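I am attaching a structure below and will ask some questions about it afterwards.
Per-chain residue numbering starts at 1, and chain names A, B, C, D and E are given in the order in which the chains are listed.
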Amino acid sequence: MSLLDGIGRKLKEDAQNAAEAPIDAARDARYTVGAIRRGETSPVEPLKTLGATVGALVLVSLLLFPIYWILIAGLSGTGGSIYSSGGLRLFPESPSFVPFLWVVGDLIVPAYDITVNVPLTDLAVVFSTPQLAFLDVSAIQQGTVGRLALGSFELFPGFAVGPVENPSGFKAFFANSLTVAIPTVIIAMALIIPASYALSRREFIFRRKILFVYVLLTQVGGGLGIALLIGLYTVYVQLGINDSKLALSVYYAATAVPFNTWLLKTYMDGIPVSYEEAAVVDGAPPWRVVTEVILPLSAAGLATVFIFTFLTGWTEFVVAQTLLGTDNYTLPVGLYSLVSEYSIPWARFSAFALTFAAPIMLVYLFAQRYIEGGLSFSGMEG
Amino acid sequence: MGTVTLDNLRKEFDNGQIVAVDDVSLDVANGEFITVVGPSGCGKSTTLRMLAGLESPTSGRITIDDEDVTDVHARRRDVAMVFQNYALYPHKTVRQNMAFGLRMSTDLSKEERNERVRETAEMMGIEDLLDDKPNELSGGQKQRVALGRAIVREPDVFLFDEPLSNLDAKLRTTMRTEIQRLQNDLATTSIYVTHDQEEAMTMGDRIVILKDGELQQVGKPKDVYENPANAFVGGFVGSPSMNFIEVRATVSEGTVTLEDDSGRFVYTLDAADYPDIEDGDHLSFGIRPEDVFVADTGGIDTVVEVIEPIGSDNYLYLDLATDFIARVDSDIEPETDDTVAITFDEADIHLFDAESGESLTFDDGEREVFAAAQ
Amino acid sequence: VGVQEQSTEQPANDGSGSSESSGDSTADQEDSAPAGTAKAWYALSDTELPIREANIEAFNEASKHTIEGADIADMRKKTTSAIPAGQGPKTFEWAHDLAGGYLDRGFIVGKGDSLTVDLDAFTGTAAEAAQFDGNVVGLPHSAETVALVYNKDIVDEAPSTVAEMTATMEEYHDPDNNQYGLGMPFADAYFLSAWAHAFGGYYFDSTKEDQLGVDNAETIEGVQFAVDNFVPYMPNDPAYEPQASVFAEGNAAFAINGPWYLNTLNDKGVDYGVVELPTPEGGSPQPYTGITLWYFTKSMEEDGPATAAAQEFVEWFVTNEEIQQEAAQETGSIPVLQSVAESGDLPADVQGFADAVAQGYPMPADPKMNQVWTPVKDALTKSFNGNDVEQAMQTAAEEIRGNWD
Amino acid sequence: MSTASRFARRIEEVPFLDKQDTSLLFVLPGLFVFSAFMLFPVVYLIGISFTDAAPGNLFAGEGALSVLTFGEATFVGLQNYTEVLFEGTFTVVLFGETLLTLPINGRFWNSFGVTWLFVATSVTLKIALSLGIALVVTGDRVRGKRFMRSLIILPMGLPAIFTITVWRGIFSSAQFGLANQILSSLGLGTVSWLSERWMAFLAYNVTEAWLAYPFMVIITVSALQDVPAELHEAAMVDGAGYFSRFFHVTLPSIKKPVLFATILTSAASFQQFLIPYVFNEGGPARANELIVVYGYREALAFSEYGRGAAISIIALLFIGAFMWLNVKRGKLADGVSDA
Amino acid sequence: MGTVTLDNLRKEFDNGQIVAVDDVSLDVANGEFITVVGPSGCGKSTTLRMLAGLESPTSGRITIDDEDVTDVHARRRDVAMVFQNYALYPHKTVRQNMAFGLRMSTDLSKEERNERVRETAEMMGIEDLLDDKPNELSGGQKQRVALGRAIVREPDVFLFDEPLSNLDAKLRTTMRTEIQRLQNDLATTSIYVTHDQEEAMTMGDRIVILKDGELQQVGKPKDVYENPANAFVGGFVGSPSMNFIEVRATVSEGTVTLEDDSGRFVYTLDAADYPDIEDGDHLSFGIRPEDVFVADTGGIDTVVEVIEPIGSDNYLYLDLATDFIARVDSDIEPETDDTVAITFDEADIHLFDAESGESLTFDDGEREVFAAAQ
């Protein structure tokens, strides 16, 4: 409860901070410029700061260029390709959302108009955007997406979008992915949390051996998926559970156990014992100590583990493709099935991949500080 | 009610390689404020943690309120503890922090709990902070909340583990009197661990001095100050520390003459008053800085090495022994390297066995001590 | 090969008007057997997929049986793992070259005895491709091969000889200005087969005494010919995508590619024409043709409603003229049903491919061919990059022979 | 008292929650599930590697019992292993001269060597890249660091199969491949990336580094943020410049987490499959077949499960030994020395 | 040489929203030991960090050794700094820790460096620890190493930022004298920040008192103690704190009568001595605890609330005002709630303006102050 509350509040804070960042930056700049004008500060320092920031931005853009490139491909209509003989283009020639609409397909969202009255005038800004775009992509009319009108005066005619036929199976894949990823997270958490708590706080037989094995297997487990595939597949088939999403979730959860247990254990090591002791002295029984004190204090570690386990279920391709029947395809498998024997429909492929990754990117954006905190190994011995 | 008895309490760590607490026995009366003091690592925290139930003793018994709690789990003992770094739950508001213990250990309804928290907060002057999170508070406020969290539970015994050592000097003295006042009002048995002898002296009804896990002396602060059981206690209690001079006794013609190696320091006593001293004994001659008087004539000539003004007084570092300090009035202001003559009053001197450290001047009459069982 | 009722079957779903006859045929079976449900797998591009789904829906509506179609991402891997584990479909669609290997490994079975369709209804090559070692392992529904595609904006008249073609390419090729002569996936033995075979060479032929022809002088000559005449006018990457993209973007005069390519071209709005491959001097191009089959998998051995469903579906699909015609129109697939192939009303582009099919010969279905593709691909890659063709081909041959042992 | 709180009381009384020794019970479920899903297949794989298992015989038989008998596959002893390791010959050629010919499986050992080389080079590249990025996005003077850090880890959210396909396009040898376009816009010639052995190898490395950097960067960034500012200040007052501080303060302070990330990522490099497979199937001409690709090509593509299993087991042994050494040496598990 | 001059030094944070240091000017002579004291957040550390070059001033100039170093990078200033939590490089041995500064800022050969380190280590008594890593050392040893690391570089100026606050009480006094001795020997200009006024008083040649970033008073410890420039300084310096009573002045017939609200406290002065006081003025009457005398007869009657024995003396908490403390000899031992009469000597009293806090008794003659620029 309070954990969710807390997360909600933090998210709000983050959003607020993000929104205020430009204002702060502007204030900062104004102050600096003022100080320089008055001759109080030398302009060298601010210039160095500016240079460093620009340099960092260049680096970031270089790193993200492949993603930008994909985005361009996704925006350049159905014919988009990353093999473009026409030379390097930084912007799509005729941007089009069709591939994205094709990916998303029909969304049953009731039609609505957003009317914003401009204060002190009779004018109203009408966004008549989503009602058609999301109701039925096959019935999209030219100029209905993104049309901006001021009364009857058209500000922006909308994007070049026509009807989209036969949208992708994204939603079905999405549902499948969720039904794989959510149990994965739940099962993994159920396995990982008690184990990390015990490994971090208790002394018991085989503790060190288990830790050692876990550290050893952190990577071997996940990565050898391909080599283990035969064995895994055979066993699953013989047991008749190869086409079960739940069985796949359990598998993902199992692969996530060593690394994440170890990660969370390391994180919990950093929580001072005195909190726990305070709770015990306050009369809290052990399970309350865990739920009221340890878990809330492990929020960053839990968030990290959550994201890692979720990602395992969300992005894994090879095992899912081997084990699952076509009805149960998850997003990555669905994405790859766009690839036909010879060619790749790049625009759709890219749009699909970006739509697929968008929620994860958003979660990252907000969870970043937790992940950075949760991955902190400063408590590591050595 | 809240009497506490420790009975030959002993705690070993690492399979007996470390003896953190060594057969400590102690009786604490109901409502008493006991301070436990000693150098770092002497076992203060371990003793307190055994009382709280956070460590289980290797041997010995703990009785709270006439009930043997040695094997009772921490959460079933009716004690409250204030930790050095406050240990306020960072994810809970002040109110939740304070109510947590009530929630866990009582059957009070939510309203009753809130009422109790509100009352206590008022008493501590933190009612405005109830909805803040600990990290929004200053050090002093945190300290108050930590106290409030302990008080609100109305336990039999309060345990404090160096609760003020994270505060700055001024705040420390303020909080110190506050805790004293509270304890006066609540009259709850309290055991207070500190490494600061001044804190221990000013706060405790009685003061317990530990060293290497062994109990050195228990008594009223003034008694301990005036009548240290051994050289360690003498040196530990009081600031600046008691001055020690290593001397050798020569008993002849009804007098005892104490003389240090260099022969600069010579002091003569009446042998009748010190029957225990034998000729040739190695002793420690102890004198507190405030008992060192600067005389115009006579006395022992010493050279002033450093003068430290602390406002109300001046400390003179004299070359008689290492760190030999005289605390003199602030109007006595010799220059560095001046020679001053000093004298002592025989009533103020302390004599200790040079080896065992046992006091030869210890006044049994006022004794209220559990000598370390050995 | 049992042949029955094919004349009644054929028009059965030939338009909505004649649905009664379909009712007849299903009515027959309704008495004899319960309705079944069968899985059918295919791997289609996103443009072909909707049509296929509509076909299946049509079948499911008309028949008491139900077919569950599924678009599979990696057909070979999926069938290899699923079929032996008993998880596979009743039927799947793939080119005929899998037949030998899959039959050997017991993934597919011959169903010649129980078929109600006569193989004579198909073109000769198609009928031949549907059989391996005397087993009818599936039914064919289309053919594919590579042909010459030219950009009508650049090339006025389709060349009939390689020499003519080279002249045009020579004139147009200018990589610095994003102009290329040709886009052809060179590093793919399939796309290059026309030239490897052009002077009497062959990759593999189970009927020849020396089954492996990779290091034959004629084969090497063919590859060398391609290296000499085409490589200079191609983009530097011999993989499919870059080669396909230059022409699709209107930056190349020619492409050598298959019918699946036309969709992309239509999307991009290239004005193209398709003709059979031009002839080299002293030889004739012979591209590998692939016949797409609906295979009968292992699980069709057992008789039951599901098998019946699958069989009915496959037979209905391959003999349905309307579907074949539509496939030809919409996706450029080359019909192998005699009645459609010879009807003469194929679109011009498809006709071009059909002519190319006539030039070529079917890919070998022998399992030994499996070990040929990759080494040849490596050799072609080397050749494309300017290495000695003969040596590359010899290395490939050595490797293949090694693998065969 | 309500039932709920009575239930709560009941839970409070659960005896083992208090006891230290029984804490093993908390760990066992995870250990069990992990073993069931990961170790059992490994054991099974080991079993298969001693048989001539192929799809035809492995799935024969009915029911769970046939799992244990490997269907109808027959036991062939060490044959798979000897074949994998020693079949064929390996010629060592230097400057066109054949130095010696060894009676070992050239392809396997080539793949084996390339794999380790790849681990070495890609890990070096990854560390250098991530450390550089991490330093930049934690730099004192850089504004908007948090935002940049958020953006920079985006590649982690895309499925590897997709990004690798995209990088395949970047490294197209064609004049209009992205890498080539950039090279030629810099006035350099174009490169046949995937057709030349070492260029392809370089392309693998770059791609691997790009795929792995987000994880490495977030670990490095959190490590960097834990370096006490006071240490830097002390060094500054001591007269140390930026680089001295980097080598004497930063590097030692982040050594541990970065080492940990390095070990994880080198295991990932060792097991890289998709990059070589998608790029050019370990080419050109199988020159860059990393071990997993080799196993796949040799075995799975031809359904020789027994042989494939043997290759996997060999790979597993090496990666296991590698991890074991590193975990021991890096003292990553606390108190490992007495484990 | 190591003179230091701060010239209207100012530091703003958060775009001027926080003024951490507010136009502080100060001259430090070569070899002087200056202590900077003030409550938490008053800008002590910020000032020191500007001196070290770790923060750059918003305005103002810093001169070390007659060279303007305001824009000189930290690593090019010849200063050494000792940090509160030592900031020893955890991965380097003690030797490497100490040699690091020499390596970075001098051209000495490895042998010369080792020689210097060895000499300094001997001086600090840590030569046995040279090969240990910091985390193997105790708090006091770490502190010694941190000092050694600063000393070995033989800088122009030493900067200390609360170097003793992590040590326990006893160790703190020991280290305090050690630092003083060292500074006496080395005669290097030192600036020492602490929040402990006792430390500041005992150690400094001169003491600087800051509050809210503003300089309050600079002077010899004794002068500051006896002649506080304002009520803040009076209250801050000295332990226990100066007692304050809010009074109202009535001037009539050549006398000034001070009276508190309740009328219990009345004190009469000669108006001629206090020409600044006008009738009706609100004042703060300040008197130090040691200047409160318990009289047998006469004086003001007060009730004892708490008695705190500190060994050498007793603190009596009297009900005259909040926390009104009399420090009396340890043989004066009234019971709680006893009534005692107290008197003051006029020479000891301090009067401050109730609003501005400015002292009315401040003795200009001995003034050596930079009043806060306002």
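The criterion applied here is as follows: a contact is a pair of C-beta atoms (placed from the backbone, for glycine too) under 8 Å apart; a residue touches a chain by one contact, two chains touch by 3 or more.
Keep in mind that what you see is a predicted model, and the values were worked out from it rather than measured.
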Path length in steps (a step moves to a chain that is touched) from subunit B to subunit C: 2
Intersection of the contact lists for subunit C and subunit E: A, D
Chain pair, A-E or C-D, that carries the greater number of C-beta contacts: C-D
Chain nearest the overall C-alpha centroid of the shown protein atoms: A
Subunit A-subunit B separation of Cα centroids, rounded to whole Å: 56
Separation of subunit D from subunit E, taking each centre as the mean of its C-alpha atoms, in whole Å: 58
Whole-Å separation of chain centres (CA-atom averages), subunit B against subunit E: 26
Residue list for subunit B, restricted to those that touch at least two other chains: none
Per-residue multi-chain contacts in subunit C, two or more chains: 81, 85-86, 178, 235, 241-242, 246
Multi-chain contact sites of subunit D, meaning residues that touch two or more partners: 18, 58-59, 169, 172, 174-177
Contact pairs between chains, per stated definition: A-B, A-C, A-D, A-E, B-E, C-D, D-E
Partner subunit C, residues of subunit A touching it in the complex: 78-79, 81, 83-87, 165-166, 168, 233-234, 237, 242-243, 321-322, 325-327, 329, 333, 336-345, 348
Interfacial residue positions of subunit C with respect to subunit D in the complex: 80-81, 83-86, 105-107, 175, 178, 235-239, 241-242, 246, 370-371, 374, 378, 381-382, 384-385, 395, 402
Footprint of subunit A on subunit E - complex, ascending: 15-16, 56, 58-59, 71
Subunit A contact footprint on subunit D (complex, rising order): 11-12, 14, 17-18, 20-24, 26-27, 29-31, 33-34, 36-38, 40-42, 44-45, 48, 58-59, 63-64, 66-67, 133, 136-137, 139, 141-163, 165-167, 169-170, 172, 174-178, 181-182, 185, 210, 213, 218-219, 221-223, 225-226, 256-257, 260, 263-264, 267-268, 270-271, 273, 292, 295-296, 300, 305, 308-309, 311-312, 315-316, 319-320, 323-324, 327, 330-336, 338-339
Residues of subunit B that touch subunit A when the two form their complex: 49, 52-54, 74-77, 79-81, 83-85, 87, 89-92, 96, 100-101, 104-105, 149, 153
